[in-house]
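In this document, chain identifiers A, B, C and D correspond to the written order of the chains, with residue numbering beginning at 1 in each.
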Amino acid sequence: MEIKGYWLASGILGVTASVLRRVHESGADVVVTKSIGPVPRVGHPGPICTSSHGGLINAVGLTNPGIDAFLDELHRLGEWGVPFVLSVFGRSPQEAASVASRGVEAKPLAIELNLSCPHAEIGQVAHDPDLTFQYVRAVKDAVDCPVFAKLTPNASDITSVGRAAERAGADAVVAINTVRAMRIDIVQRRPILGNLVGGLSGPPVFPIAVRAVYDLYASLSVPIIGVGGVTTWQDAVEMHLAGASAIEIGTGVLSGLDVFSRVREGVMTYVQETGFSDIADIVGLAQRR
Amino acid sequence: MEIKGYWLASGILGVTASVLRRVHESGADVVVTKSIGPVPRVGHPGPICTSSHGGLINAVGLTNPGIDAFLDELHRLGEWGVPFVLSVFGRSPQEAASVASRGVEAKPLAIELNLSCPHAEIGQVAHDPDLTFQYVRAVKDAVDCPVFAKLTPNASDITSVGRAAERAGADAVVAINTVRAMRIDIVQRRPILGNLVGGLSGPPVFPIAVRAVYDLYASLSVPIIGVGGVTTWQDAVEMHLAGASAIEIGTGVLSGLDVFSRVREGVMTYVQETGFSDIADIVGLAQRR
Amino acid sequence: MDIELSTGRPRSVAISRVVRENIRDVTLFFRRQPDSPTAAPGQFFMVWVPDVDEIPLSASWSDDEHIGLTVRPVGEATQRLVRMRPGDYIGIRGPFGRSFSVTGDAAIVVGGGVGMAPLRPLVYALLASLKQVTVLIAARTRDELLFHDEMLRIAESDSRLRTQVATDDGSLGFHGLATDCLTALLEQQTADVIYACGPERMMYEVYRIALRHEIPIQLSLERYMKCGCGLCGSCALDPTGHLVCLDGPVFTGSTLASIVEFGKYSRDATGARIDEIR
Amino acid sequence: MDIELSTGRPRSVAISRVVRENIRDVTLFFRRQPDSPTAAPGQFFMVWVPDVDEIPLSASWSDDEHIGLTVRPVGEATQRLVRMRPGDYIGIRGPFGRSFSVTGDAAIVVGGGVGMAPLRPLVYALLASLKQVTVLIAARTRDELLFHDEMLRIAESDSRLRTQVATDDGSLGFHGLATDCLTALLEQQTADVIYACGPERMMYEVYRIALRHEIPIQLSLERYMKCGCGLCGSCALDPTGHLVCLDGPVFTGSTLASIVEFGKYSRDATGARIDEIR
């Protein structure tokens, strides 16, 4: 598949075929599903989200119906011709691989391997290059389609983890997942989220994501899929210049499902007005200097 | 020294005795100096700061006149009776220890060991528990006053690093320093900061700091000094509830030097209205549950 | 994009008053925070029940000073709520969702069980706009009728309001289902709009009755909600992807015509399809 | 706290016009971004010179459409700037700092070297407020006089403006220092406010002259600046901790009376004290 365009990020609205189709029809070039595991999972008790200083913190906790039930939704996406990427997770490389190999039945464009949810027990994978290598290798061995590794900004050294994913055969890396965060209610004097801790997304994390994409682009040769805090075309241009070939938008859907087309049109106008012929021409341009 | 109150964070305005006195007189209980090294250091070329989606990114680059020249300023602080903490850094444990032992001549309340600047070459210390242990131990051995270790949220596991600092004898830990970040200018298509990358501070990092403080409080027995994104008394209450005994404010001075007294008064009113007798009574309260 | 506005942060409020409405339902009142909007009829809040969960509840009362939530205990969160006392804290996000819109001249309002909660403020809004209103309150038994006394009291002084009761066991009013009562009603009187909230099986029948009589309707749907604000997707409807939290909970009959799952199936907390509606 | 407002982000603007003012100084014009404020006389911008540094420069021109910066090449950043051509990019944050305030009825304005930059818009502001203005333009030699022709031109049509020139080498006007010229001037005329900008040695003497004559003054100071917005502390003054970027750059005589370093010493890029003023 070609890594380009403006995609729906995993976990936002991505639990049924119907809404994923709607997001696609509203302008998302590709939709990434909610991260799916081997069995149904309720996730964390509510509250599962809260705003914070311009951002969003969530601790959904990988709620999903399990790959078996979700295959129905995937097949529907296929019938409807919606271009989709299947996000998967697992408690071991084998488990992730088995979910992925069940999922490819439904012919996703690619598998996105979520190694990086900061508020679920699997959060620690993408902190460790070796573990990341094992997960990516296991999934690559299990499927024929492209495999993307989704990384966490909470790792000390995201580029080592990215390089491990690349060595293991990842066809692209996705950066970033949410940043560890927490809010406390000062009236009840207790953490707000049912899971106590969660992950920060939205505008506050944008410069953290730009930095991750920039660093990864400088040290990897596979494409980077940028995600984190993008809500405007200016953000998207910046993310492309840092090195993102495609961009995923999650929290930004709160500004309306037309965010994908608004962003795309803005970037296209920018590309034309600055004399380039294609968005691909600006990818990584901030790296010269 | 008692770890309590509202302090000026290191690196904000902290390069001369005069302005540090002014900040103290404007309401900061304690002022922490700019991080001082062994020799004069110009820091990074400009731009050294930029706003980003409600936050601030800086790459000052540890600009400082070196401990020898800075001793004059410290002595002046002493004469003026300004309660101050000396922040130091070094490229090796020995170098940090030697800066600290020169600095204690001027009788700081404590030494704050900056192990965590995300945009200078020394940034990597507080990613590694062992290295952190060595730095803290070396400085502890060199000085008689309390030593605080300042940690980075960019570490995969801030609590391991905090525990290493505690084992090495740190009298408190300070969390958090800035979060790795970057902005790119979309007209010139190059990173904005002279140093390309910098550190995010201000409101966007607040929930990241709360989480770090909460996690550290749960696993350490030394006091936690909370810092990151505090600009209102509500923020400060939240930080105390997470586990901060004292709170440092940096970027928040952009709202006026009276931020310290505004925050203090708000917290005191909160403490009284909720039936507690002292701010210390609410420290860590969000941990029950 | 204003995340503060679209998602919000649970704000703790102390329960100021607890009113037992009938043998099952309880209304909890709390003071409205001055900087938060009042709720329009049909809008809901995400209500944080400490240590348990966050659940959607409609505003059954909303004025400048107070907000009221009427709760029927069906599981852990709602049971915890109905046991609350003045001074206890809950957390509030919202109001969310689209409200009922006041149209037409003669309305029939059909509330089944705790479905009367969002309809109570609607009745007041309709009367304020000088409409003729017939409210049909249905329950399994007379002890479970919600807001019946209040509606009777209004009807005493305002002839534009008529009340009608239906109980499954015949303990008061019409003996039978709300939908049978509605059918009977429509033989005697006409209406140019029908509003309904209650068990989905009931609403689906109301929808079919209205279709048959060619009367426009507005129904308030329930689906499992985690975020309440268009992020998580758990409340999405097949096959259009309408979100109950954002595009609803109030839907018109013409939108419902495109919702294949309406009256047929819904989804559980994991997102899995369950062939069960409430 | 609005960091966007207080600190800002360098915004790239293309140089629209380059004007050589004299053998040293060059004015660079660019279009003002519609959503950014105009600069009041005495306010400055932080100017990002790509690949080099970010430095403070006063607005020498500011109207609804354009902003002008007049630059004297003294080091890498300023040399790069004076070589710029239309279409080249710089980044702009600001405007920052406190401006001159227009007071009194008869003003003397003393500009030494490129110190005339912030004084040019001040002269216009004074005249717009119907003041009598004497502008004293000083330079080492006539070829380095800044805005002299422009001031002469205004004076031709507006009798309230008088111009006076002083050159160190006597190549035009008064032969000698600006301060000696000012002393001579004050023997012929009086003034109820003095404004000055230029080398600190000059400003310090102007300050002492004004003190002797008991005339209120406003001076624009220079100190090393990294942030321009009250964060880094590099521009702090001893012993009060006044910040040149935030509390200045324009200070009144009464504030300067408390600044021991004024006219005596300053600090270098590391923050170390240097017994050197410009």
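Remarks
Just so it is clear, a contact is a pair of C-beta atoms (placed from the backbone, for glycine too) under 8 Å apart; a residue touches a chain by one contact, two chains touch by 3 or more.
Here the structure is a predicted model, which means the values were calculated and not measured.
Between chain A and chain D, the least number of touching-chain steps is 2.
With every chain reduced to the mean of its CA atoms, the largest distance from chain B is reached by C. If each chain is reduced to the centroid of its CA atoms, chain A and chain B end up 32 Å from each other.
Distance between chain centres (mean CA atoms), chain B to chain D: 36 Å.
Inter-chain spacing, taken between the CA centroids of chain C and chain D, is 67 Å. Residue positions of chain A with contacts to 2 or more other chains are 52, 54-55, 183, 190, 203, 289.
Within chain C, not a single residue touches two or more of the remaining chains.
If you draw each protein chain as a dot and join the dots that touch, you get a simple line with two loose ends.
By the contact rule set out at the top, the touching chain pairs are A-B, A-C, B-D. Listed in rising order, the residues of chain A touching chain B in the complex are 52-55, 57, 127, 153-157, 179-184, 186, 189-191, 196-197, 200, 203-208, 210-212, 214-215, 229, 234, 237-238, 241-242, 270, 282, 285-286, 288-289. In the complex of the two chains, the chain D residues touching chain B come out as 1, 3-4, 6-12, 46, 48, 50, 52-55, 89, 91, 93, 226-227, 229-234, 236-243, 267-273. Of all residues in chain B, only 11-23, 34, 40-43, 45-52, 54-56, 58, 60, 63-66, 69-70, 72, 183, 185, 187-188, 190, 192, 194, 202-203, 231, 251-255 touch chain D in the complex they form.
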